[in-house]
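Here the structure comes first, spelled out in structure tokens, and everything after it is commentary.
Labels run A, B and C following the written order; every chain starts at residue 1.
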Amino acid sequence: MNIKDVSFERERPDVCGDAHPKALLRAIQEDGDYLLKIANQHIVSADQFSREGMRQLFRLAAKYEANPRRFSTPLQGKILISAFYEPSTRTRLSFESAWHRLGGDIMSITDRSTTGIAKGECLADVAEMFNNYGDCVVLRDNNEDSLHEMMDCLRIPIINAGNGVDEHPTQALADMYAIFKWRPDLVTDSKDKQKIRIGIIGVPNKMRTVRSFLKCLVQFSDAVSEVVIIHDEAVADSLFGNNQREQLERAGINVSTSNDLDKTLPSLDVVYINAISWEGDSFNTYGKAFHLTAASPLKSDAIILHPLARGEELSTDLDHTHHNWYFSQARGAVFLRMALLTCMVQRAERVIDVV
Amino acid sequence: MNIKDVSFERERPDVCGDAHPKALLRAIQEDGDYLLKIANQHIVSADQFSREGMRQLFRLAAKYEANPRRFSTPLQGKILISAFYEPSTRTRLSFESAWHRLGGDIMSITDRSTTGIAKGECLADVAEMFNNYGDCVVLRDNNEDSLHEMMDCLRIPIINAGNGVDEHPTQALADMYAIFKWRPDLVTDSKDKQKIRIGIIGVPNKMRTVRSFLKCLVQFSDAVSEVVIIHDEAVADSLFGNNQREQLERAGINVSTSNDLDKTLPSLDVVYINAISWEGDSFNTYGKAFHLTAASPLKSDAIILHPLARGEELSTDLDHTHHNWYFSQARGAVFLRMALLTCMVQRAERVIDVV
Amino acid sequence: MNIKDVSFERERPDVCGDAHPKALLRAIQEDGDYLLKIANQHIVSADQFSREGMRQLFRLAAKYEANPRRFSTPLQGKILISAFYEPSTRTRLSFESAWHRLGGDIMSITDRSTTGIAKGECLADVAEMFNNYGDCVVLRDNNEDSLHEMMDCLRIPIINAGNGVDEHPTQALADMYAIFKWRPDLVTDSKDKQKIRIGIIGVPNKMRTVRSFLKCLVQFSDAVSEVVIIHDEAVADSLFGNNQREQLERAGINVSTSNDLDKTLPSLDVVYINAISWEGDSFNTYGKAFHLTAASPLKSDAIILHPLARGEELSTDLDHTHHNWYFSQARGAVFLRMALLTCMVQRAERVIDVV
């Protein structure tokens, strides 16, 4: 065996390098109060974040990403309860990696059948148990209501890591963080920034990632001129849920729809694509007709986001193009979660610059 | 979304507050020798604990509970093998939380089908493997004998976390700890304490939690005037196992039985209720006719204990009454296990006051 | 209950004691350069190790085993991704114990059905995810090619912990380490050492442990006079894979075959026995006619190795004889993996004597 066959490059740069998080860090002025306040909230919906609250989270995420080894112990002595009752590795490991990188310990539950819930234990009692066992809960459950049943009894914070078709707020924060890493000017209050046009290949009313993402956009309406939903004809009638479109429009963001991807692509700055929707115990795939490939008529400086895992909708021939910001998005999700988790367990004062 | 909807109170007091563990701590004089001696024992049965050994464990548990942040690293560098071959989250997380809170690392096995045992590996060989991999084993297995097969080959301590219908000694210690937190005078050697009457809704011969609990009571016969077993008529003939009733009576504790809950309740100081019995791969439910609710004719200062998870036998309308000591019992179980684990891996000298 | 029944001896000596690792440590002169170089390699095949590279790994393993408490934090802040898509406890816990003993944190995946792979995610994307989440990957997968698909996208090192019928290189290193602990003179360059004759009860072409072991032997041909493969008549035609026999013979090691165990045993110094071969989702058992027992005609000073878990092929009546080096082999595997992992995550300089 040739040693070359088994050697690898640690330093192969990310698609986007660390210049981007550094630039984002510089673009936002620290205001630690917003981070300190997060300590007393459960994270349920993207709705609950203010513009400035998000900006401060993105800043802390960028601080972590710009210098990944600077902080290694702010969560020392803290225990995460990682409860994934719906199959997931990507999100679970993203949270667990974030927690470990900050020096905390973890207890995982990866299967509902191994738990008391299988014996009919109510979620309020599970929450009461969690109060005694850990300092923070991350919950994924295909039942939308489980989160709320637990919340009522929790004296430690819980994070919604995907509850059925409802929301997935930390994914949306990571999506926004990727956009602002790409264009730090968009996160500022400057009046003369060039607004972007975002296309979403997906179904706002069926996909929790899209639902939460749209809610985040509302707070940054000064950066977004238009959102175009690209969809199958089949879902045209149920594309938007209650108030989804209205919330964007009230914020001053134009909303349009399209069922012709290639006609729409040339005008988009950000293309967000997702095909899977979690519904109950299973998932559905939408937009089978829509494929992004290196041959797609993308604007030359457009970026593609995808919450991953991907299927055929996103061709791997895009991976080595500069359109690929989905890998940066996935990487950034760890740092974004580090920022959020630090705040939630009352350790923000260990990492903010001025207290 | 209103931020109020997602805010929570960290400091909502426990049902019982920390005055109780502090009072218990004061009620017992430290004698570290008893704790040092635990290092060379497997924990198999509630029978193996002396009165003074238990008192010292309760004292250390109370020391931990009275000041949860005082000791965070006594188990640093120690590895727990958490082997739960029978479904469980509550007990597993209770042990794992206890271990993590003391700074140790954990390797979990939550499914027999992922192990060599599935390929027919004998437990003696598994034990031999464990000797090399960790510093302490916690085992739950529905086969009563697995524990003993492993013990013979272990050079590190093992804890029985429930072996079929046999025993669950750490649960029983946690039960006793809850009683003594409630009434610290009961743990003392004082001659003039007011004895309590304990009712047990359950089947001593079928329930491992009850079996272990009764064995603990034997050592505190000066605190217990009577044990009343409240049971279905259907199990009247097989209520007690070999020597169970005799052991209590020899210790001077009256034993009586009843099949009328509401008639018995008004005379009880402690009501211990459990409906589930683990038998082989499955479980049975007993006492379906017995329900405790806020309307039950409880003595005004009676407390209720339940090993949890609960079913319909224990109504949630009791949760916010002062009868609810089952939440305190569950919480205390973590601190009790912290005390026991510290001793078992030879780190008691790091936490006792005088060595 | 008698306390004697639950007491145990921590200090019951290993079959072989720590004199052996100490002697091995003395037999090899440190050359840290070889250890530093391992940092940029994936571990795929036993082929990739040079003689001196192996010697230095064995030396570091012996340093760890000779004084298990000397180094407890070289992996602090490092995260292991332990991905076992094929059932395993022994190998998984061996790696995880090695990592924890050096102070690192772990994220485990023990079931493919809980992962994105179940939804059709490609392994290249999983690898991309792993780049962001951890510092090292240990992979077991019954598909030989999974490892290679991941490698292409990884910027962190991956270790092959068994890929189908192909290889299991760290097991083979542990096997060699056991042999050299037993006879440290064999690892030296001395010209006048007494070569050993190794019998292998197994099928080189079907068993990954045997395949990797034979590749390691090639580098120590000065210590091995002959390898005898003891096999069922049924597999005679497919005993060796492409180049397996030739590679040994080119290195100057005689290769012979036998189907008569008891006739062959009296001439063997080392008897390596294994009955199970992993093939796809399942396993096959070979050599059902071959049993080693205390009554087998072993040379008086012969040692037995077995990768474990064992079945009927290896009788437990050998456990308390001095032929039993399989327990020492299993124990040593933890220290061998500690040595390898330390190097792979660029922490060798923390544990080598002279940098």
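Going forward, a residue touches a chain if its C-beta (ideal position, glycine included) is under 8 Å from a C-beta of that chain, and two chains touch if they have at least 3 such contacts.
These are the chains along with the protein names UniProt gives them: A, B, C = Aspartate carbamoyltransferase.
Predicted, not measured: the structure shown is a model, and the values here were computed from it.
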Chain C and chain A are one sequence twice: same or different residues at the contact, by the over-half rule?
-> different
Upon optimal superposition of chain B on chain C over Cα atoms, what rotation angle is obtained, reported to the nearest 5 degrees?
-> 120
Whole-Å distance, chain A centre to chain C centre, using C-alpha means?
-> 41
Please set out, as single numbers or ranges, the residues of chain B touching at least two other chains.
-> 108, 110-111
What does chain C use to touch chain B in their complex?
-> 1, 3, 5-12, 69, 72, 84, 87-90, 93-94, 96-97, 100-101, 103, 106, 108, 110-111, 276, 283, 308-311, 316, 327, 330-331, 333-334
Footprint of chain C on chain B - complex, ascending | 40-45, 47-48, 77, 79, 81, 105, 107-111, 113-122, 124-126, 128-129, 131-134, 151, 154-157
